[in-house]
Amino acid sequence: MENEFRLADLAARVGARLEGEAGIVVSGVAPIEEAGPGQVTFLANPKYAVFARETKASAVIAKSRVEGSQAAFLLSDNPYFTFACTVELFHPPMRPPAGISPAAHVHPGARLGKDVTVSPFVAVAEGAVIGDQTVLYPGVVVGERTSVGEDCRLYPNVVLYHDVRLGARVILHAGCVIGSDGFGFAPSPKGYRKIPQVGTVEIEDDVEIGANTTVDRAALGVTRIRRGTKIDNLVQVGHNVVIGSDTVIAAQAGISGSCRIGNRVMIGGQAGLAGHLEVEDGIMLGAKSGVPDSLRASESRVWSGIPAMPHPTWLRLAMLLPKLPDLFRRVRRLEVGKIPKGEE
Amino acid sequence: MENEFRLADLAARVGARLEGEAGIVVSGVAPIEEAGPGQVTFLANPKYAVFARETKASAVIAKSRVEGSQAAFLLSDNPYFTFACTVELFHPPMRPPAGISPAAHVHPGARLGKDVTVSPFVAVAEGAVIGDQTVLYPGVVVGERTSVGEDCRLYPNVVLYHDVRLGARVILHAGCVIGSDGFGFAPSPKGYRKIPQVGTVEIEDDVEIGANTTVDRAALGVTRIRRGTKIDNLVQVGHNVVIGSDTVIAAQAGISGSCRIGNRVMIGGQAGLAGHLEVEDGIMLGAKSGVPDSLRASESRVWSGIPAMPHPTWLRLAMLLPKLPDLFRRVRRLEVGKIPKGEE
Amino acid sequence: MENEFRLADLAARVGARLEGEAGIVVSGVAPIEEAGPGQVTFLANPKYAVFARETKASAVIAKSRVEGSQAAFLLSDNPYFTFACTVELFHPPMRPPAGISPAAHVHPGARLGKDVTVSPFVAVAEGAVIGDQTVLYPGVVVGERTSVGEDCRLYPNVVLYHDVRLGARVILHAGCVIGSDGFGFAPSPKGYRKIPQVGTVEIEDDVEIGANTTVDRAALGVTRIRRGTKIDNLVQVGHNVVIGSDTVIAAQAGISGSCRIGNRVMIGGQAGLAGHLEVEDGIMLGAKSGVPDSLRASESRVWSGIPAMPHPTWLRLAMLLPKLPDLFRRVRRLEVGKIPKGEE
């Protein structure tokens, strides 16, 4: 499963500058505490430089050399990116063989591209289109007229409802659901009446979405996730939400209906956004934040807390909250000092 | 996929009063900013009246006429409800053809009603009962002795454990799990011992439950969701919970074991309720609230915050929290003003 | 489905001391408010002793006799544990018959143990190993080279990615996903680049994991859940997390990447932990807590709140928060009392 490279060749392939012996052979990657001879490791954070000094790894990917280390160095301005390329070299993506399992169920009115993998127990409905090289793992369900681009991976038991559109190189992890009905009901004296959710979902190229995440179809119109955005596990994306490009959303966050999330936004785990609000480009939102209103970059680039406030304010608040009981006591003392007895 | 109506006919069918030309023909619905000629749109909120003035839609569903608009008006006391009916007219629910796929697995000891749809890779176990007109999408699993009422829709990969009961017209979205074991373990010196969860789940008529939501079976007795209640995606309903009628629960909320939720309750997204508590009829609970104790309508109808408090209190608190660091400074100043130097 | 026992025999089997008539026959268990003649019930909490006095149950499992009750008593130092054993006696676990469904898809290069149940629409990939007596319910997917121990239960639509390892007697509830890619991306000027997640997941003996919970595989190395730990529904476990033995994690909690959770830890529902932190053995973390830093048992055994603080502090804080608007007013009053008019 692992390949071998001379350090000079590895450096050339991943675009790093080698400081060390060109001829050393490496055959794998490992965390810095565990790496041994023949392995490459990675110094993410200069504060862990001590590990680079002690490591038995043959080579360390880093921003700059660490004095006192016996290892060779693969230097890069973006070591995390270089690390990504290195891991990929040693572990080229596995791909199940192309072909349509006789245990799959593909409607004769569906269109499959070249070199598609359709695993057992996959159901592809009428009018669906599957792009070249795309892999559908077991139990994937593709609804009527849904189209999936080239070179996508839909892991086991992913469900795409009808009329959904996926771009190229989209990765959906197991159990992810795209296109379920948005949550819309009109109250009436006889109980709630369902608002039919007749819109759809469009997911652009190079999006990755985590396991058991749910993305609802629009009531009318389109729920949209733009190019290159990455969404973690168990996230909820409500109907008519638009999420920009290169945005990152951590696990268990929830985006209520009709939110507009910008480009290069970062949303922390378990954060929640109320409906119909806007988060401007480049904003960072802390884990577990609760956002009742739109977030403007002009006011703050980083927000946290419940309700969300500029991050420096939240940091001070978080330090002071445990001291609030004491503050109550202090105010009481001030009052008692001021208020003549009998007036209380 | 879309139908056509003269406005007079549409008004009659959805119970609205037409102000405008009876003979105008409309063939679809669209959001107010996007709607064009031949389309009907919807004015949800009088504060968006400006859109009604500028819209190119042929007709607007609203509570009252908006001066200056060129569109016809379909007036209704409950425009959201009228909108729901209108969307349904233009988009009558699609229904896969009835029939049992040869690629499904139905135990000979299961009983299927009339005009049932059993899709490929559906597994129906011994003793299960499926009501007339019910649709089981691909990958649905129905456990032993579980009964599903008439005209239900179970979207792909829904799982019903054994001995669960569903009423009529229940909609379960993809990946929803009903009847998994409640979370009950008895500590012992040798580790936790599982409390067998030998109760069940009953879901009454007209309930809708979102994608990847989980509803645990009771330890003993029944976890119950009453008629007409609507639950969003990724919600957790613990064992022995009882949820009343016409209650609405937004995405990622969590209801701990043995809670009793009343009728016409509204629970916001990511709200969490501790175990064994009661939420009285008609209560509204804000998004992200944390509820440690029972909520009484006599104390407040609307609750929010962590811990949950009457909503007006939470609104004031939410405004003041970012000012808490300043309050600490102000109290310090008061103390310094009072306390003679040297005493500190 | 239920069995019958004389009380004396029942007491002997579950290790309880009988106070009452040995010959009374019981045939089931029920909650204390509902139990009738012929049933056993359970007094969890001495404060519900009133129910034990009024119950019509034939016998009550409890720590000590309740005066005034007509029922027999089954006394135990650990009544909850004794209750677990009793329920199990009356409801011995059901087991689907062993055998491989012709509607399953088992790769010829997979290895199945003795008396394995492989249900319809189960996919077992090349190199997978399934231990003796293990049950795979419909729709389960087992990836390449993944091994599952003896006597496990994988409920419908569970997904195990490739190279995952499960111990013996592991229970995974429906829709649970093990081994999905961790959330790791390196930013670059051209957008995010995926860090290939080339580690794995190991789950030790006697672990139980709830419905639709997700456990990500390590980037490098292993995400590990140790013996006897119990995890509820919709929980997120990030890449490279290590969770100790006999730990309990309630629904919708989220554990970020590289956390180290100790043994016998208890984590409440919807709690969230930031990445790379440590929670020491035996710590209890309240529901909905937000944990930004490691938790040390020497500082407090019980933590709660956002941010997490020692539980007694949080309890005081939670009582005071609704009074904060009033505190602002009180401080204002103090200031006005101090500050001469005109200076404001």
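Labels for the chains are A, B and C, by order of writing; each one numbers its residues from 1.
Keep in mind that, in the parts below, a residue touches a chain if its C-beta (ideal position, glycine included) is under 8 Å from a C-beta of that chain, and two chains touch if they have at least 3 such contacts.
Since the model is a prediction, treat every value here as computed from it, not as a measurement.
Copies chain A and chain C of the same chain sequence form an interface built mainly from non-equivalent positions, shared numbers / all numbers used being under half.
Chain B maps onto chain C through a rotation of 120°, based on Cα atoms and reported in steps of 5.
One inter-chain figure worth recording: chain A and chain C are separated by 25 Å, centre to centre, where each centre is the mean of the chain's CA atoms.
Contact with two or more other chains is made by residues 121, 139, 157, 175, 212, 234, 252, 270, 306, 321, 324, 327, 331, 334 of chain B.
Every residue of chain C that touches chain A in the complex is listed here, in rising order: 105, 121, 123, 139, 141, 144, 157, 159, 161-162, 175, 177, 180-181, 183, 185-188, 191-196, 198, 212, 214, 216, 219-221, 234, 236, 238, 252, 254, 256, 270, 272, 274, 290, 292, 305-307, 309-310, 313, 316-317, 320-321, 323-324, 327, 330-331, 334, 337. If you check the complex, the residues on chain B that touch chain A are 29-31, 34, 78, 80-81, 83-85, 87-88, 90-91, 93-94, 101, 103, 119-121, 137-139, 155-157, 171, 173-175, 206, 208, 210-212, 227-228, 230, 232-234, 245-246, 248, 250-252, 269-270, 287-288, 306, 318, 321-322, 324-325, 327-328, 331, 334-335, 338.
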